[in-house]
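Common to both upcoming complexes is subunit A, partnered first by subunit B, then by subunit C.
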Partner chain A sequence: MSAAASAPRPRLAALGRRPLDALGSLMRRSPKAAAGIVILLVLSLMAISAPLWTSYDPTSLAFKSMLTPSRLHPLGTTFVGQDILSQLLYGARFTMLIGLLTGLIATLIGTAVGISAAYFGGRFDEIVNGIINVVLVLPGFPLLIVAAALLENAGDWAIIIVISLTGWAWGARVLRAQAMTLRRRDFIDAAVSTGEGPGRIIFREMLPNLSGIIAANFFGTALYGVLSESGLKFIGVGDVTQPSWGSMLYWAAGHTALLKGAWWWVMAPGLCIALLGTSFALLNFAIDEIANPKAANAGRLRAARRGKGRVLASQSAAQTLTRPNMKIQPPNPAALLSVRHLTAGYQTPQGPVRAVRNVSLDVMPGEFLGLAGESGCGKSTLAFAATRLLAEPGEVFSGQSVLEGVDLLTLSESELRRRRWKDYSMVFQASMNVLNPVLRVREQLYDAMQAHGVTDKAKLDARARELFGLVGIRESYLDVYPHQLSGGMKQRVVIAIALALEPKLVVLDEPTTALDVVVQRQILEEIQAVRRRLGIGIVMITHDLSLLTEMSDRIAIMYAGEIVEEAPSSVLQSAPLHPYTRRLMTAFPPLGGERTRREGIPGRPPSLALDLTGCPFAERCDSVMPICSLQKPVLSDLSPGHRVACFLHASPEQLTLAKPEVNHVLASD
Partner chain B sequence: MSSPATELTTATELTTATELTTGVRPGTPLTAAVSANAALELHGLTKAFKCGRGGRVVTAVNNVSLRIERGEVLALVGESGSGKSTVARLVARLETPTSGSVSVGGQAVPRRLGSAGLRALRRRVQMIFQDPYASLNALNTVGYTLSRPIRIHKLAPGREVGAQVSALLDRVGLSPGALWAARRPNELSGGQRQRVVIARALAARPELILADEPTSALDVSIRLDIMNLLLDLKDQEGLSMLFITHDLAGARYMADRVAVMYAGSVVEIGPAQEVIGNPQMPYTQLLRRAAPKFGEGTETQGAGAQDAGELPLRGEVPDLSKLPTGCAFEPRCPHATAACKVALPPLYELSPGHLVRCVLFDPARPGAR
Partner chain C sequence: MLYLLRKFALLLLTLFVAATINFFLPRLIPGDAVGAMMAKYQGNLSPQAADALRLAYGLGNEGSAFQEYLKYLVKLLHGDFGRSITQFPTPAADVIAAAAPWTIGLIGVCTLISFLIGSALGLYSAWKGNQRFASALPAIGLFLGALPYFWVGSLLVYVFSLWHNVFPLGGNLDPFIGDSFTPKWWSSMLRHAVLPACSIIITAVGGWLVTMRNNAVSVMGEDYLAFARAKGLSERRILSRYVLRNAMLPSLTGFGIALGFVVGGSILVEQVYSYPGLGYYLFSAVTSKDFPLMQAIFLIISAAVLIANFLVDILYTFLDPRVRTGLGA
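Entry: the complex of A and B
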């Protein structure tokens, strides 16, 4: 839903701008980040301020061997008489420096290699990708041991370089993949076509969009660096006289500290390594959360829901129902689906968004009802809410949705599962993607039927053939996998699955929007034929009014969560009454007739987070009257089956009812 | 049935690529076709993509020759996979043509271009992308995005760039420009974003705009506004435009001439009113029949519309790696004959500037239309 999507998203790029501010806001936003940063800070402080905590030199052998912890030596002493605390503190310096440097170098190499491979592509990419794969296949640690042993006397930098060189490939691979996706994005093509050169495209357009992954990669490789260093030292490779957490472990193990009961000697560096690892992992999680705000939002929404959200929503629902000239209508018993006073929407951290506002609507048996409106008018939310498919953070606030005498909104989950698909089914816009890629089409058709008790193989097969015939696919396609089918074919399969149990109602939410015109027409004609043959009721939701007028028996126009006009298709086409409907009708160019200039609809629909007192269309309406912004027009019958919510067509009674209030307000102006 | 085609007795088979699709009357000397007047001229433009290691070759654009006059809008219509977007990407050099030539403003664009040559081309040719949610970098402000073309092509001294950006935004209906320049894409609606994308295309002061489905990702209510904006800008700036769309009604609204593409080839080209009002190529008729009928009234006139009634809606766009030797539409065509399988027919001229690639219009064929 657009309203939910427009909630402000944290931007990773902000990290680069004002580092301290960003750090603060990051910690407030994510407890994981806060914990990770605190641990990292404590460990860094330990390393930096080592001389403050201990006056001993970590390499001094001045003390007695294997002292137990005491006031003078809080962590005791080693076999050769070194103070363990000072070793731990000074060791942190070396270990963390190794982590920082290897993290930086490996990330730098990985980023440069990954992004340039993705950007330049072609032969270059093939070669680079080959190298990355080779490095990944090589067993890292043994390689490290060999390389480090060869460079034994080359010093710390050699170790750092060797660790970095074995650790960059993982990041390069991830970044290459991400950068390749990014490279295909239109905004990169757009930058290229404005004449931008490779440098700026990589550093200004691509790199900031990859900052999350790069940061995650840094923490990953830094941890790899720390673990590698510790591992190497532990087995005695490198300069083990240099105090580091790894060399502490080496000496502790060498002198069988645990057997001698000096568990603190092992525990202290071990715990520090683990803590450093935890902090890196937490920071990684936090970055992931920020990069995918959806995951993070869910938690916050749950908190909001527990608090004021629900109260506010039910209050506003109550307000809708208690408006003075509001009559509560019972469900229509003759209708297949009768929606009454349905109010539904989304819980957002900023409060509830009511995307569907007190909507009442009937679908008669065998009827084709079209539901049209701009994006964000609530038409899909209405369909999801009425069929009880609205997932979190969506929520039905009040109302009824009665299918053949049963209110779907009050059914138990198990009862709902029994009815769904059998009594009604749904086809969604991107529903081609619901097909399971590893199952043959036939099995997916069977699934729906088997779940509702059809198990006889012969029956299943016969029904599957029949369904494919219905939607115009050759039977031989029953045994293919979804990827072997085109988009149009997949959508047909999905429609066949929706028809499998002969439901009485099928809800189609923009079923053909993603398809080409010719395929769209083919599918719509097949839907129409199936409907006539089986007598099913159809609700089709689309923003394309031109298609609906051809297909539907009746059309309802939605605006800002409400139905503003409803009429038989032919009536709506020849004599639309609501100014919004009229503008929608002329909002696309015609295929024939004079070529004249037409205008779109100026302005934008109001935010669904607001509660409006007047007509929601008033702001964009060219026939707006004073009353329109003061009071909401009621959806009232003009002729049988033609309902309009507009003061231009209000009954005299409605206007007089409204007048005193208007006069009052106007007088007080 | 009284289509102009049946009355046309002088339909001549044209073989020269230039004449084929440019609307040049037969008999016009060829040299005149390569005039400085053309904003864009394509000769036998072909793009073959190699897919995977199997060496499967997909011919996305197959020998396309087109011409757009200065100040003209040519709509390129077709389904996905017809190669219409690839044509635009070839002209903008987001892809390199496999063969064929491209001339912009009467100057041939060399096949190999250095970075200076590319920059020069991109100052003259700008692209508008389909999805404004994808074509703007979410991390950059509107002002930054718009300042880049001005800076890259050194169109204004540094201190004037800001003022130019504001002026651009004002011109696409986002005023006051200075205010909009400070925003980021996530603060804008789809329509506003697309206006920014249009402003970016204008920033380099190009001669030719390649608009790749600029309205299909937008809400119905704002599509007309964007189309009107493009038409206004075209008039004010004297731009020429290649308008790519799958929507026949939109093509008719925007364009002076329409070219219909199928499986990489231009199959029909002519004045917008004629091609859409009275389509001759069976594929165009199919497209016409599939388009929503709304807004035409009850009296649908024209031979094309009548024919369309019989057209079966069958099949899908062919596999571009296994194109038949003949007409690619033949497997779906209700009028298909043995002749269709022999070779891809040339474009036959039915009336001045209206050309169709279909053997039904071969004057040498007995009973030709």
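Entry: the complex of A and C
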């Protein structure tokens, strides 16, 4: 998390500095954008190379009236004897020019207004925002008709300006919103405090980050421009003697082309407008999808779906990676949850990322198991994969997760739905947003129970009150909406929902990280109390190891998608063996202990997209040995219940087993 | 409540801005506006119509522009929109009163239908994202949204009136239909409305589809959806109470903006079908340079759009508790 926040100058859009590169990457990433670009290119070529395709002047009246399509006139002639194909080709120039110019002007206005409102803020922003809202809800097209009719003699520029003036507000609104979130980011603040001027900050720091949204907006307003212009021309506003697709439709309608059977006269220009409009709309949509973080989900999903072909490959890769000399362990029948050889991760456009690597783990009935490690080490992915909650683009590549004798990963959808929440429940990491904002808390507590067969109103109500008592919230809060609750209360509500059906296992994914220390303490104590009373098993994920040593029976330490050490809490606290565990122990102050200066762990965990041959911690380890980067240490038992994957504590046979391979690698160097 | 008050203030402000634009627009034309306007008629203007123009634009009135502006606002408040030039001395308000019900009926109903169909398709597209048809829907929606309304109208006329004589060529009713609201009247009215309605729905559906799909996709990435899945809720419940209920909110806030656009495009359809609504009169006012009527129609369309928008805002407060209880939005 902290690494992401401090990253300098993130680019929201993948639109790089060189336009051609950006175009290429856009086309690769989105078939919609590629289609839009191709249509736009074809139409542009058609407009530019018009003289190559036809030798006729579009305004010449040299031919017979209303000729049907023939070899000489592929689209026939108009009522006054103009060649329709040449009108179509030359008309493309004007219509496209209008689209591009209105798009450009409206985007310029919208960008300038939106960004300056966001940058300067305060009263200025309030006034500008008011203006934007007024312009937005004013029906633009009727206004356009009136203004254009009044300005008729002022020429095409007047119309272009008027279209732009009615079309800039949408872009201003979107850009203002985006620029405001950007304005609050650290790197802009840093630029302001180092004394950079507003112009420099806007052009050097903000504009590049908004380039995607600006580009999307350009195509959106260009679409508006093309449709507006053709609509205006169609009702005869503006210079209808100038060949354009709109004026062709005006003349076709005026001379009742359809009544006379000349459908091609209407069809051709209309289809061209529709194609041009579609290409603008496709580009607007595609760029927005890539640039706009809110719609980014869709892009991710699609990219993942396209990557489906690679899943099989990665599956087999995962299988070969479970080394042949390692025996496959069957699930432990005595355990409540028994995870075996679980490999899971995410499909990304760059290939699969294996965030959980061949993990095996047991949770005993009624046991409190802690799972610790730095951010991004795969803790949450493990929890989601084991409970089969990993959503696309996440995926379980191989392994088992057996809850009370049933492998959750092979259950049918309906069977899974029945078991969820009844057998196991989960408290999510980002509990601030896990409650549906538009439903009352009561309904969200009820529906979990109703989905599992509790339908009696009186029973539901009694249970809801009981649960709220259990987590220490007043019953009257059952009928509020989530936004009326504080962060701590939301968390308690979520825990109450998690306990609703008295599941045998509750997974808590960093349940208290967003809360202040006092609330955190209260909530954890309540969890402990409830666990003892109901005898439920708990898996709690956190990066706060000192918290775990105090609360849990057993602790597993994760690093780079693997479990590197596992021991009873007291053992781990008194004698941590893995160098990573030791560093982690000193990285957090004990709860209630004295506040001394803590050292972090220098360096970063390795990328989970890589397959490492050696120990993943080797690079950051201060006890590193030559073997560490050549072979992966195996997780092996040192004493009952204490397992560690480190060559410092490896048995002699493990080291000798490793030797031939090491020699082999050294020899091949 | 505060939310609705704010929205109502915006409604009044926007109406005021529309009226002000309406007043100043003809006066922005360089030089002598009314003189230039009169010149456009090239002497074909009847003396009464010339009077109407003078009346409308305050020619020959003494007093400052500001006084005229105030007078104009007072007149508007009394429902006086000036007089039509082409139908002199009919007040523009009378022309509007005859045309408005047809437009509100046609475009209002069609907007509602296309909003419902488009949103349903958009929701379907997001929900069944992996299926071929569902994933093709946004592209289809983008194409439909890029079609000029009036062009779709022309094609439908060609296919269903000229080629196959299924529906009437234009107009709103058969001639000599007799009393309104009789069964015969209803059937004639509906038969005449089918093609214009289809033109509007076909083109307007695309925008709502794409909007709803994007909203639903972003809701489906929210934590509360993953939590709902984890709770083991049925797909039906997740779709209706979690995805739809949340995804429709931005659709509704965008409604006002989209409405202006949809209405703008739809009024051209009336011209294609000679459907005697506001769009049709707007067109004939443009061709006959009947500026007072044109401006009155602009004002009334603005007012209709703004009021519809406000009704949606009221609906919104019922659907979003965050707005209703006065805390942030």
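The rule we apply is simple: the second predicted complex is superposed on the first by the 559 of 669 C-alpha atoms of A that agree within 3 Å, B and C clash if a C-alpha of one lies under 4 Å from a C-alpha of the other, contacts with A are read in each partner's own complex, and residues count from 1 in each chain.
Here is the rule we use: a contact is a pair of C-beta atoms (placed from the backbone, for glycine too) under 8 Å apart; a residue touches a chain by one contact, two chains touch by 3 or more.
Since the model is a prediction, treat every value here as computed from it, not as a measurement.
When the shared chain is aligned, subunit B comes close enough to touch A:Asp186, but subunit C does not. Of the two partner chains, neither subunit B nor subunit C is touched by A:Ser70. Contacts of A:Leu547 after superposition on the shared chain: subunit B is touched, whereas subunit C is not. Legend: residue contacts after superposition of the two complexes on their common chain; A:Ile601 is shown touching subunit B, with no touch to subunit C.
Using the contact criterion defined above for the overlaid structures, shared-chain residue A:Ser623 touches neither subunit B nor subunit C, since it reaches no partner.
Number of subunit A residues touched is higher for C, counting subunit B against subunit C. By the touch rule above, subunit C contacts subunit A in their complex via residues 10, 13-14, 17-18, 21-22, 25-26, 28-29, 36, 40, 129-130, 135, 138-139, 142-143, 145-151, 154-155, 157-158, 162, 210, 214, 217-218, 220-224, 226-234, 237, 241-242, 245-246, 249, 256-257, 259-261, 263-265, 267-268, 271-272, 282-283, 286-287, 289, 291, 294-295, 297-298, 301-302, 305-306, 309, 319-322, 325, 327-328. For subunit B in complex with subunit A, the residues that touch the partner chain are 79-80, 89, 92-94, 115, 118-119, 122-123, 125-127, 129-131, 134-140, 148-149, 152-153, 186, 189, 191, 197, 200, 203-204, 219-228, 246-250, 252-253, 273, 276-277, 286-297, 300-301, 313-314, 316-317. On subunit A, the positions that touch subunit C within their shared complex are 32, 35, 130, 133-134, 136-147, 149-154, 170, 223-224, 227, 230-231, 234-237, 249, 253, 258-259, 263, 266-267, 270, 273-274, 276-278, 280-282, 285, 294-295, 297-298, 301-302, 305, 387, 389, 391, 416-422, 425-426, 428, 430, 433-440, 443, 447-448, 451-452, 481, 483-484, 494, 497.
The touching residues of subunit A, counted against subunit B in their complex, run 6, 9, 11, 13, 185-187, 189-197, 200, 204-205, 208-209, 374-375, 486, 488-489, 516-522, 525, 543-547, 549-550, 573, 583-585, 587-593, 595, 597-602, 604.
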